[in-house]
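What follows is a set of structures for review.
First chain A sits with chain B, and in the next complex the same chain sits with chain C.
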Partner chain A sequence: MDYNFHWRPVFKALPDLLQAALLTLEVAAISMILGVLIGLGLSLIRIHMKGPVMWLASIWVELARNTPALLQLFFFGFGLGAFGIHFSPYLIVLMGLTFNNAGYLAENFRGGFGAVPDTQIRAARSLGMTAFQTYTRIVIPQVLRIVYYPMTNQMVWAVLMSSLGMLVGFRELSGETQFFASRTFRIFEYFAVTAVIYYIIVKIILGASRLLAMRLFRY
Partner chain B sequence: MQPTETFFSGFAPHDLWFLGEAALRTLWLSLLAISIGSMIGVVFGWLLSVSRIGGGFVLSPLLDIFRSVPLIIQLVLFYNFAPIIGLRLDAFDAGLIVLIVYTSANVAYVARGGIEAVSQPMRRAARSLGMTYWQDMRYVVWPIGLRAVFPAWVGVALGVMKDSALVSVLGYVELLKASQILITRTQETILILAIAGAFYFALSYPISLYAAHLEDRWNQ
Partner chain C sequence: MIEIRDLHKSFGDLLVLKGIDLDVENGEVLSVIGASGSGKSTLLYCINGLEKIQQGKILVDGIDVHGKDTNLNEVRQNLGMVFQQWNSFPHLTVLENVALSPRIVRKFSREQALEIAEKQLRHVGLGDKLSNYPSALSGGQQQRLAIARALAMEPNYMLFDEATSALDPELVGEVLDTMQLLAEEGMTMICVTHEMSFARGVSDRVAFFHQGVIDEIRPPEELFESPESVHLQKFLSKVK
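This part shows the complex of A and B:
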């Protein structure tokens, strides 16, 4: 083994990498919030509606779940570009991740809604609650508990998936690493440090979600 | 008006061949990774379930790394690390090795879940009937545990099939890389992305439907 590791350039770039890691977290978090909202809508549409709207929601969910995330990203990047619609790399990654998150979360939510018995909804309605009240006070709190763990997983996935941004020119953690690595050719060193940063981010997310769960689901 | 000279040529029928071949390479790569990775993963899962120190404190954190670092980073890291320790690997070998490790790490937790899904009294009953440890594993734990986690395993397998698209980063011409090459030549982005997407979808969707169907039937 006559390879000399050079870690100094990596440590010099560390502040930039950490800055990029924040961008990774930001895009993952925003895509997650949007994904939860859209996923909730998609799952409710698939449960309660019929006809074209339901088909569209189903097509969204199945496409998101059954094609590679990278292909979805390419579609938002290059595919829409063919129509003359151009987005910044940030938006491409955000839309790709949101599309994917919404699809996966919709399926989780559907399972969650299925687990709340119909009798509870009818009981709430006969107590005089409106449909909206029934959903926000009876159904959603129970569903949240069921989908909490899958949602945490999806958040981790969103962070890991955002690394695909480096292939569409987005300078989040991976893209930034790629940028530095290609200037110095210290590819291994840079990506090793990046791997460690990702690992730490994932552990922080899991730890935070566990703490939050202890507060949310005390009783 | 004179037609302008162009580097691009339209999408021709023989390009479908090119995509088809690439699709076969995707299929072959994922089949190898899923089958070898699952076998190793089951062994890891067994280790996780039987050994508190070796499994829980040594193996589990190791496997966890492969689930907490993006696959694309793992691929780039390994592809650039191999020459450092004197391994000469082409993109296929490097990609396959990373995918196998990635699969086995994910399958390990699924397999552990399967083993733990079999209740202790049932296993003690099997042993009391005179079954050896391995007979108990083979005739009691395997069939019951498999049912419990089969859908989860299908999920992992399909995930690996889709993630194999990332090996394109190393320059291996599988389906996604092939479609990128064609897009560069023909400039027909939507059509080619749709064909590539349709292939992944055609492979993944029926299998996930079938797994959901099995899950429903077993839950009855």
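This part shows the complex of A and C:
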């Protein structure tokens, strides 16, 4: 083996890589927040509504779960681009991830809603709570606990999936790494370091989620 | 006063209540007995509007429960309901379980709501469990929690839907004692029950349901000692 490892350029680029890692985390986190809200909406539509609105929600969930995430990203980039609708790489990745997150989370939420017994709703309504109060005070808090760990998984998945962003020109952690690697041809070194950064990010997310769970769910 | 006139209720093709006429006076304790599927529980669900009715009228303090312009959430505050499966809210502490609806439905301040909740919990003997979660409580304690939760709305009426049926035998007594306490305090109660001793000892009148109608309704000593209806005689011979 006659390959000589050169780590110095990687370490010189480390501040830039960490900056890009923050961008990765940012886009993943925002896509998660939006994904939770939209996913909640999609699941409620699929549970309670009939007709065209329900079909649209179902199509969303089906496409998000059953097509490659990369193609979903390409749709918001090149697909809409073909119709003259252009977004910045940041927005393309944000929309792609949000689309995907919402679809997966919608199914998790649907299972969660199914797991809260109807009798809980009856009890709340019998106390004079409105349907809205019943959902926000009784049902959703219980659903959130049921879907908490699937949600954590989705957050991890969003961080890792955001690396696809480099294929639509987004300079998040992978895109930035690719940029430096192609300038110096130290491809292995750069991506090795980047893999470690991804690993650490995911471990931090999992640790934080476990701590949060201990605070949130005392019952 | 609760007034029920010509109440009909069906689930799809299945006619469950076939013309119920019933008045419950303030301060009265009415027990409702009868075989499973005779429509006893459905009656309670119709009274507080958890089930729609097909025909007839139910008036609670003169308010038509199923009227088009009736605010059901307001009516329900006046009708405390206790379920067979106690349905405590698992994500809230015992105190929060009881304080929640006074705060968000009756719009009391947080402090007032907690005060009301604590008072009701002491009333049912759960004063030492305030910060526990329901999962740490026995079935009997959870059912008493459910009673306190309903009482915190300060209803004029309490509806009990087989409140002791899901409990282990040794826990039935504490819940019946709590119900008896309420009865003695003058609460107007409708109790669907399989506890004949409770129906006999505590209630002012007992109604026997058979296939969707009130087959016989009289004070307990008369109803149990000299049942007139053939169906009631058969029913009593089985439960004794």
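In this text, the second predicted complex is superposed on the first by the 219 of 219 C-alpha atoms of A that agree within 3 Å, B and C clash if a C-alpha of one lies under 4 Å from a C-alpha of the other, contacts with A are read in each partner's own complex, and residues count from 1 in each chain.
The rule is short, and it goes like this: a contact is a pair of C-beta atoms (placed from the backbone, for glycine too) under 8 Å apart; a residue touches a chain by one contact, two chains touch by 3 or more.
These figures come from a predicted structure and were not determined experimentally.
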Partner chain(s) touched by A:A192 [first = chain B, second = chain C, both, neither]: first
Which of chain B and chain C A:S163 touches, first, second, both or neither: first
First (chain B), second (chain C), both or neither touched by A:N66: first
Which of chain B and chain C A:H48 touches, first, second, both or neither: neither
Partner chain in contact with A:R215 - chain B first, chain C second, else both or neither: neither
In the superposition, chain B vs chain C on chain A residues touched: B
Which superposed partner A:R125 touches (first chain B, second chain C, both, neither): second
First, second, both or neither for A:R137, with chain B first and chain C second: second
Chain C residues within the chain A interface of the complex: 48, 50, 73-74, 76-77, 79-81, 83, 85, 87, 89-91, 100-101, 104-106, 133-135, 146, 149-150, 153
Partner chain A, residues of chain B touching it in the complex: 65, 68-74, 76-77, 80-81, 83-86, 158, 162-163, 165-166, 168-169, 176, 180, 183, 187-190, 193, 196-197, 200-201, 204-205, 208
Parts of chain A lying in touch with chain B, wherever the complex brings them together: 1, 3, 62-63, 65-71, 74-75, 78-79, 81-83, 156, 160-161, 163-164, 166-167, 174, 187-188, 191-192, 194-195, 198-199, 202-203
Chain A - residues contacting chain C, complex: 117, 119-120, 122-130, 133, 137-138, 141-142, 145, 217-219
